[in-house]
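Each of the next two complexes has chain A plus one other chain: chain B in the first, chain C in the second.
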Partner chain A sequence: MAEEARQEIKADQKINLEGLLCPIPVVRVSQAVKNLAVGGILEATATDPGVLADIPAWARSTGNEVIAMNRDGKIITFFVKRLK
Partner chain B sequence: METETGRKATLIVLSGDFEKLFAAFTIATGSAAMGMEVMMFFTFWGIRAIKKDVRTGKSLFGRMVGVLEGGDINKANPSKYGFLGMGRWMFKKMMKNKNVAQLEDLRKLAIELGVGMYACQTSMEVMEISRTDLIDEVNDTVGVGYMLEHAQQSDFTLFI
Partner chain C sequence: METITVEEQNKTALAREMMEKLVDRRVLTALEVCVRCGTCAESCHYYQSDPKTEHTPYYRAEQVRRVYRQFMDPVGQAFPGWFGAKPTTDEALSRLAEIAFSSCTLCHRCTFECPFGVETAEIMRVMRSVATACGYGPEMLVEIANAAIAKEENADLFRDIFLDQVKELEKEVQDKLGSSEARIPVNQKGARLLYVPLAGAHTIVPQAIIFNIARESWTLSMFDTANYAVFLGDITKAKRIAQRIIKEAEALEVQEVIITECGHGYTAMRWDAPKWFGHPLPFKVRNIIEVIDDYIRDGVLPVNPATNGEPVTYHDSCNLGRKGGLLEEPRRVLRAVVGDFREMTPNRLHSYCCGGGSGLVAVPEWKDIRMQAGKLKADQIRQTGAKTVVTSCDNCRFQIGELSQYYDLGVEVTSVSELTAKALV
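Take a look at the complex of A and B:
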């Protein structure tokens, strides 16, 4: 995802998951998304490469949407939209 | 417990080994995060995971088990490299250095996420462990029937 594209997404909440390993990132994302209104967007940064597979799988299972995911060096930034 | 997906998971935890408890609580918290309603059924050595740091047992043998199986979740030893607690110490240190959640933290998180904690009544009778020896957050002490009812409704059941 290009820098400009990322700036276009306006997150309602941001969380920092850097340094945390499985299963904590997926747990924290699930908890944070529950606190959003439907349609709300969560932005998260993480360093565990496991989130690249885990967060999309979590979204498919729970009926939410990963609208963007970008890896820049060690930092992985992703945006999740609460759909229901 | 209300879940978004209506899916369920049952985890039967027989082992009290450090790495198996670690796997059990990782899967339990992960499943809860995935929107599942989770039941953990602790039996035999697995009861260590929900026990307070207390001495248990009434009879001679019961008290012996209480001494040999003394301590709570923090005293769980890995199945390999036991070395009288050295392995436990080493793994805890390695995991802490890598910022992996500790077993007790994972259990706390599981409880926070609404994972159901159930103890096997028969194991408790055999090992002479009473309800007051278990952490307060344990939902109930039940038998195989109660666990199997949940297992039948579950999308997966794991025996750990």
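Take a look at the complex of A and C:
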């Protein structure tokens, strides 16, 4: 994801999941997304590479959308949009 | 007089159907032989941390017995008042679900202390299945189980992400070993071992270091071993999640499937899956700790215990230890790879649950319950004077990490594999 594109996404909430291991990143994302209004966007940073597959899988099964995901060294940044 | 809605009647019918299906001879024995002696109370970490009647195993089991009497016992059906049987309303089912999911970690310690060996955890497991079928399974556990199934359904989509991740981790392994020859093989048909990690790098990198030094013939699974449907008592989904690994192992024609340090994942594949599918699996299932123990016995790992000089203690995961029988293997490895190993008391079969087992760590609203129930474990850790706690389960790992912050223990939590890899590089 280009830095410009990433900066264009305006998150309604940001959470830090760095250092947390499976399944806690999914748990925290789920909690945070539930607190957003429909259409709201969550930005999260994590270090567990498991989130690269776990978050899209969780989003797919719950009907939400990962709109962007970026890895910069150990830090993974992703944006989840609440769809319902 | 209580009014029961049509929806409640449907749920009651479903609960009855599930209970009739799941109460086998083993559970029936647990339901019938309890004499309410109360011996189990002291064996339970919930009761030890907060000694109230509702925190005893016999109280919890009694709530389910009332439903059983109502549904399945002719005497209970004829004279419900004798047994305190009540119509199974939404409120009653919801309360039973909460008891089954949040006030019992299915640790089985009470079974070992009971003079009759009553398996309260099995009663609770049935109650979890009934509650899940009726729509009372904790939402977060349902979401995590469904995400695992989504990964399998969209395997092609996730394959590239996974392979990119493995390449990154392989570089890390090469850097640590100082060798560009080190590999994290994937999809290696005919490899001796299929190693099944969790989602995190901490269950891939250290093990890859160990396998590379041992010159093992291995391949990394595309899937992770977590199976949260087990916690829900949802056997249909649990089978689906386990089936991903079984199919992969069969396609790759491996001799053994090696499960990472994950309590429920190990129990699910080694002990539950053959029962779910009604036949033995066509390969051997072992835990990574057993493999490391073999390597150390055979002298293929040049470990240096001085690398891990700080005092270390070991917390027995209930699934690996009491339920899985892996009691001496982790201790033999730890004695080889650390300089100062200290036993926690009590330990092995009598070890107390950390308070986070059976899915509790994944449900945020139960944090207070977890911290309270984990007080006993926190006290035991403090008494060892250890700076590092080793455990072979990621749920225990997260719980003990939180206990450390909550009770100011100042300990780090790690795994047998990580300390072994540290003693190698």
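Definition applied: the second predicted complex is superposed on the first by the 84 of 84 C-alpha atoms of A that agree within 3 Å, B and C clash if a C-alpha of one lies under 4 Å from a C-alpha of the other, contacts with A are read in each partner's own complex, and residues count from 1 in each chain.
The rule is simple: a residue touches a chain if its C-beta (ideal position, glycine included) is under 8 Å from a C-beta of that chain, and two chains touch if they have at least 3 such contacts.
Note that the structure is a prediction, hence the values are computed from the model and not measured.
Trainee: Based on the superposed arrangement, let me know which partner A:24 touches: chain B (first), chain C (second), both, or neither?
Mentor: A:24 contacts both chain B and chain C.
Trainee: Can A:84 be said to touch chain B (first), chain C (second), both, or neither?
Mentor: First partner only.
Trainee: Give the label of whichever partner, chain B or chain C, reaches more residues of chain A.
Mentor: Between chain B and chain C, the winner on chain A residue contacts is C.
Trainee: Scan A:56 for contacts with chain B and chain C and give back first, second, both or neither.
Mentor: second
Trainee: Of the residues on chain A, which ones does chain B touch that chain C also touches?
Mentor: In the superposed arrangement, which is not itself an observed complex, chain A uses residues 21-24, 26-27, 30-31, 58, 61-62 for both chain B and chain C.
Trainee: Under the touch definition given earlier, write down the residues of chain C that touch chain A in their complex.
Mentor: 140, 143-144, 146-151, 154, 157-158, 161-162, 164-165, 168-169, 198-202, 224, 226, 228, 361-364, 394, 397-398
Trainee: Can you name the residues of chain B that touch chain A in the complex?
Mentor: Those in contact with chain A are residues 4-5, 26-27, 29-30, 32-35, 98-101, 106, 109, 113.
Trainee: Which residues of chain A touch chain C in the complex?
Mentor: Per the stated touch rule, the residues are 21-24, 26-27, 30-31, 48-54, 56-58, 60-62.
Trainee: Hey, which residues of chain A end up touching chain B in the complex?
Mentor: Chain A residues touching chain B: 19-24, 26-27, 29-31, 58, 61-63, 84.
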